[in-house]
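Structures incoming, each one as structure tokens.
Okay, so subunit A shows up in both of these, paired with subunit B first and subunit C after.
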Partner chain A sequence: MHDDTLLTVTGLSKHFDGVPAVEDVSFDVRRSETLGIVGESGSGKTTLARCILRAIDPDAGVVRFRSADGWVELQDLSPKELIPLRREMQMIFQDPFASLNPRMTVREILEEPLVVHRVGNREERLAAVLDMLDHVQLEHDSLTRYPHAFSGGQRQRIGIARALILRPNLVVCDESVSALDVSVQAQIINLLEDLQRDLGLTYLFVAHDLSVVQHICDRVLVMHRGRVVESGVVDDLFANPREDYTRLLLSAIPSPDPDVPLRPLDRRSVGL
Partner chain B sequence: MSEVALPSGAGVAAGVTDRETAAAISPRRLMWLRFRRHRLALASGAFLLVLYVLAAFCEFVAPYGTTTRNDDAINAPPMGVHFFDAEGRFHLRPFVYAYRMEVNPDTWMREYAEDTGTRHPIRFFARGEPYEMWNLFPMDRHLFTTDAGTYIHLFGTDPLGRDMFSRVLYGGRISLSIGIVGVVLTIVLGILLGGIAGYLGGLADRVVNKAIEVLQCLPSLPLWMALSAALPVHWSPLLVYFGITIILSLFGWTALARQVRGRFLALREEEFVMAARLIGADTPRVIRKHMLPSFSSHIIATATLAVPAMILGETALSFLGIGLRPPVVSWGVLMFQAQNPLVIELTPWQMFPGLFVVLTVMAFNLLGDGLRDAADPYSTGGMK
Partner chain C sequence: MDAVLSIRDLAVEFKTDTGLTRALVDVGFDVPRGEVTAIVGESGSGKSVTANCIMRLIQPPGRIVAGTIEFAPERALSSEGQAPRAPRLRAPPFDIVSLPNRDPRLQELHGGLISMVFQEPMTALSPVYTVGNQVAEAILCHRDVSRRQAWRESAEMLERVGLDDIERRMRMYPFEFSGGMRQRVVIAMALVCHPEVLICDEPTTALDVTIQAEILTLIKDLQRDLGNSVIFITHDLGVVAQIADQVVVMYQGRVLEIGTVRQVLKDPVHPYTRGLLAAIPGLAPKGQPLATIGSVVGDADIETPHPLRRLADGRQVSMPQDSRG
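Up next is the complex of A and B:
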């Protein structure tokens, strides 16, 4: 363990009705890095992300998080004990439509974390909200609007602003760009990178799109059927995949060159 | 439903001001804009509002009390309001004619005709029969009445010579309020039990669901009858009133509870609800701020549709003589007096309370339909 380790996950497992979704997963996350978690649909990456933040409760394993007050083991905390820790770890969701309450204005959405954690008075909270809107490059007149007035990319910016307004250390991005158009995806990825640099964030970046992961991540875990099959520094792993499954995933990345045909590997040919 | 911006053209058609751009419209206001297009529902809402105001101020609106008797008018028919008298002269002040009673020599029935020689001018906001407004303030002014010694019976009179119009108004106060009080109880029970089932799930969910299934299997009318028969005879009318309300809502909450449970189950999985929890909001806040507002409009619509069942329940029980009893006046009690087919044959105006029940129930149903469509434009039979 490095002394700048922010999160350690050891032997994490989660079953749904006896079916394993996450099976004995262990890894570390270092401060200010971006760790990618990739895998196909159903590989357990979202479940893993949710277990870490205790959005769902894991069945087994240890999740150690370095909070402002030292190390805590998240898996044993009661919901009440978790509440103060929510300031330090947040999630950015996949679906920018479903993740914003349609009945709250942008101001209410962004203010809520501050209200819940009793941060500042009314003016200070408004100032923080406006500051956050600047960070995610939204107009100040967005405040009084409802989510239905925004495009997908703008909504995702609102979701990002909500996650970051408490200035967390750890941010879990659960397929946060998967639902967006490619051009919007690029904007949001750049925004996430800017914010990471400005605010010193650590990302746990769950994605199925390997080209996105290659762009944004420092290290990557490859998950298959609930288990981590391979992990390593992104460039190494992408250049020299050791596992067949990783090769299968990599073969599904389309080339930017339109003349290069996409030739995904056949599952059976790699023995999966 | 979140991705709907606006119903087509609502911004313009519904008269949204320029300053209030489509972007800043709250979902509640959107619902109102959609509701406004249901003319029938809007008219029903207005009708019900008028009815409730009349019932709330029935002492003032009604010219007489519920027990005032007019010995000159036994089973008398409704009076017509006139501006022109028999000679064709116009009177600025409307009037009614006195009754002229004759006994039919063949049937020995009293028969009434207008006595065009005797006019009873109608006085507005004039002093008449003294009363206590809401049992609190002694007053004697009425919305309309006639001079002392004369009378007005817009809906005719009953076999004891009591004014039907006044009695229908007083009866409306009981019948209409029993609907509202009952529905409030229903909502409380429905949201509480449905919420527990939906939010907690597991064992609580199974218990509540089984209870709902059992309750819905029971035939409601015989059960109501049994329970109302169990109400002690010596109870005061007020206690009976609340007893009946509780009996009605005890069986009315199941449908609402099912709906609330379904919504809770669906909302619990919504990402914005998970987002709220991850922010650190505790359960009461999540429910209050994120879950309830998402279906409060549905609750309102369902509740509106539940009111007529309550009113009909009270009417049915009182009509059968096991609900409210005289001297309490409700529409059901009034109809109890009109059970005899002879009444319909000879004095059909005693059916006026029934007409009001029909109109009220219909208005509530239309209003509820309109509200439901406005709350959820994607439900069946949505906007036209």
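Up next is the complex of A and C:
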């Protein structure tokens, strides 16, 4: 383990009605890195992320997190004991239309985490909200507006601001740029990278789009049927995939160069 | 060029609380027969509205306010007294936009001559009918054949789109299928009446990249075998590169660039097209911010409409005279 390790996951498993969703997964996350988790739908990547944050409870395994007060084992904590740790671990969701309450103003949305965690007084909270709007490059007059008045990209900025307002260390991005148009996606990816540098964030980046992962991630885990089949530094892994499943995934990416024909591997021919 | 569809000066407006929104402004392009035309653009560019115009699916508060869509089917229309699928008896071209609502040609159009595959296969399929029933229904709607014959042809088409164990599968319901399998069923439904134009509206966007590759290969192979024309709507330039012969780039309800797939993707002329390409994550060097459309377009004005003009290499761009050409 490195001394800059922020999170270690050991032997994590989660079954739904006896069906394994995550099976014996182990890995480390270092501070300030972006770790990608890729795989097809049903591979267990979202379940894994949720188990780590204790949004759902894992069946087995150890999740150690380096909190402000030292190492804690998340899997055994009671809901009450988890509350202070929630400030340090946050999530950015996929769908900016579904993840914001339509009946709350931007100010209420961004202030709510501060109120829940009893951070600051009214003035301090407003100052924190305005500061966070600056970070995500939204105008201050957004405060009194409702989510419907914003475009998809702007809504995702609000979702990011809500996740970051408590100044977490670990941020789980679950398909956070998948629902966006390519030009908006590029802006949000750039924003996530700027925020990581400015605020020292560590990202767990769950995604199915491998070209986004290649751009934003340092290391990557490839998941298949609940297990991690391969992991490594993203450029090495993409250049020299060792496992057939990784090769299958990479071969399915359509190149934007019309002279590079799509030749996806056949699932059966690689025995999957 | 032999065009199956010729769209000219198409304009669509939507009445909203804040006034009229112009969804399409002077859209015009040809769909070459037997080829794949991709329409690319971001949300709000008008690519789906264009497809809905071809299918005459624009509903109030939307309205086609101007333009024509001339359709030149290869085979004769049965509503004009010809046997269906009579070989090489061309129907006279007609304008889809001005067809009266009760015109029999309209019903023949829907799913018969032009059919559509949507993004979400589960919403395109009925949950309460078996898969076989739904595919066969498409045949029974358009042709005077027995149920037995319709069932047999459905089985053939389902086999062709890659389903196995056909007889059992046909008696199953859509919820028993995976997303990729459902999309194969929808494609079978769309192709079972041998349409001349297949419109695919983001058919792979909801699918995993591995399944997307399978469906793209399937659509391309079927198009090659059946010889139909395809309009493929997508925002993914990787998908465009792999499937298209011709590319139409749309932005804010306007057509900005039309050319062959190599012209548009390897040597884009319009600044917006260049921006769209530069924003693809896989192409940017790591550790550097991605190019956004704004950063590539820079000072170039992409908001002012310019009529399309043809460049020396045959492509069309919406740019002022003094720029490249």
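Keep in mind that, in the parts below, the second predicted complex is superposed on the first by the 270 of 272 C-alpha atoms of A that agree within 3 Å, B and C clash if a C-alpha of one lies under 4 Å from a C-alpha of the other, contacts with A are read in each partner's own complex, and residues count from 1 in each chain.
Just so it is clear, contacts are C-beta pairs under 8 Å (C-beta built on N, C-alpha and C of every residue); 3 or more make two chains touch, one makes a residue touch a chain.
Note that the structure is a prediction, hence the values are computed from the model and not measured.
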Touching partner for A:Asp235 - first (subunit B), second (subunit C), both, neither
second
(Q) Contact-wise, after the overlay, does A:Ala149 reach subunit B, subunit C, both or neither (first, second, both, neither)? (A) first
(message) Taking the superposition on A as described, I'd like to know which of subunit B and subunit C A:Phe97 touches: first, second, both or neither.
(response) first
After lining up the shared chain so the two structures overlap, which partner does A:Arg197 touch, if you call subunit B first and subunit C second: first, second, both or neither? neither
- Query: A:Arg122 contacts which: subunit B (first), subunit C (second), both, neither?
  - Reply: neither
Does the superposition put A:Ala55 against subunit B (first), subunit C (second), both, or neither?
first
Contacts of subunit A common to subunit B and subunit C in the A-superposed view none
Per the touch rule above, subunit A residues touching subunit C in the complex are 40-41, 152, 181-187, 189-190, 193-194, 208-212, 214-216, 235, 248-249, 251-262, 264, 267
Contacts from subunit C onto subunit A in the complex sit at residues 42-43, 179, 208-214, 216-217, 235-242, 244, 261-262, 265-266, 275-277, 279-284, 286, 289-294
Note: in the complex, subunit A contacts subunit B through residues 53, 55, 79-80, 82-84, 86-87, 90-91, 93-95, 97-105, 112-113, 116-117, 144-149, 159, 162, 166
Residue set of subunit B touching subunit A in the complex reads 1-5, 22-28, 270-272, 274-283, 285, 289-290, 293-294
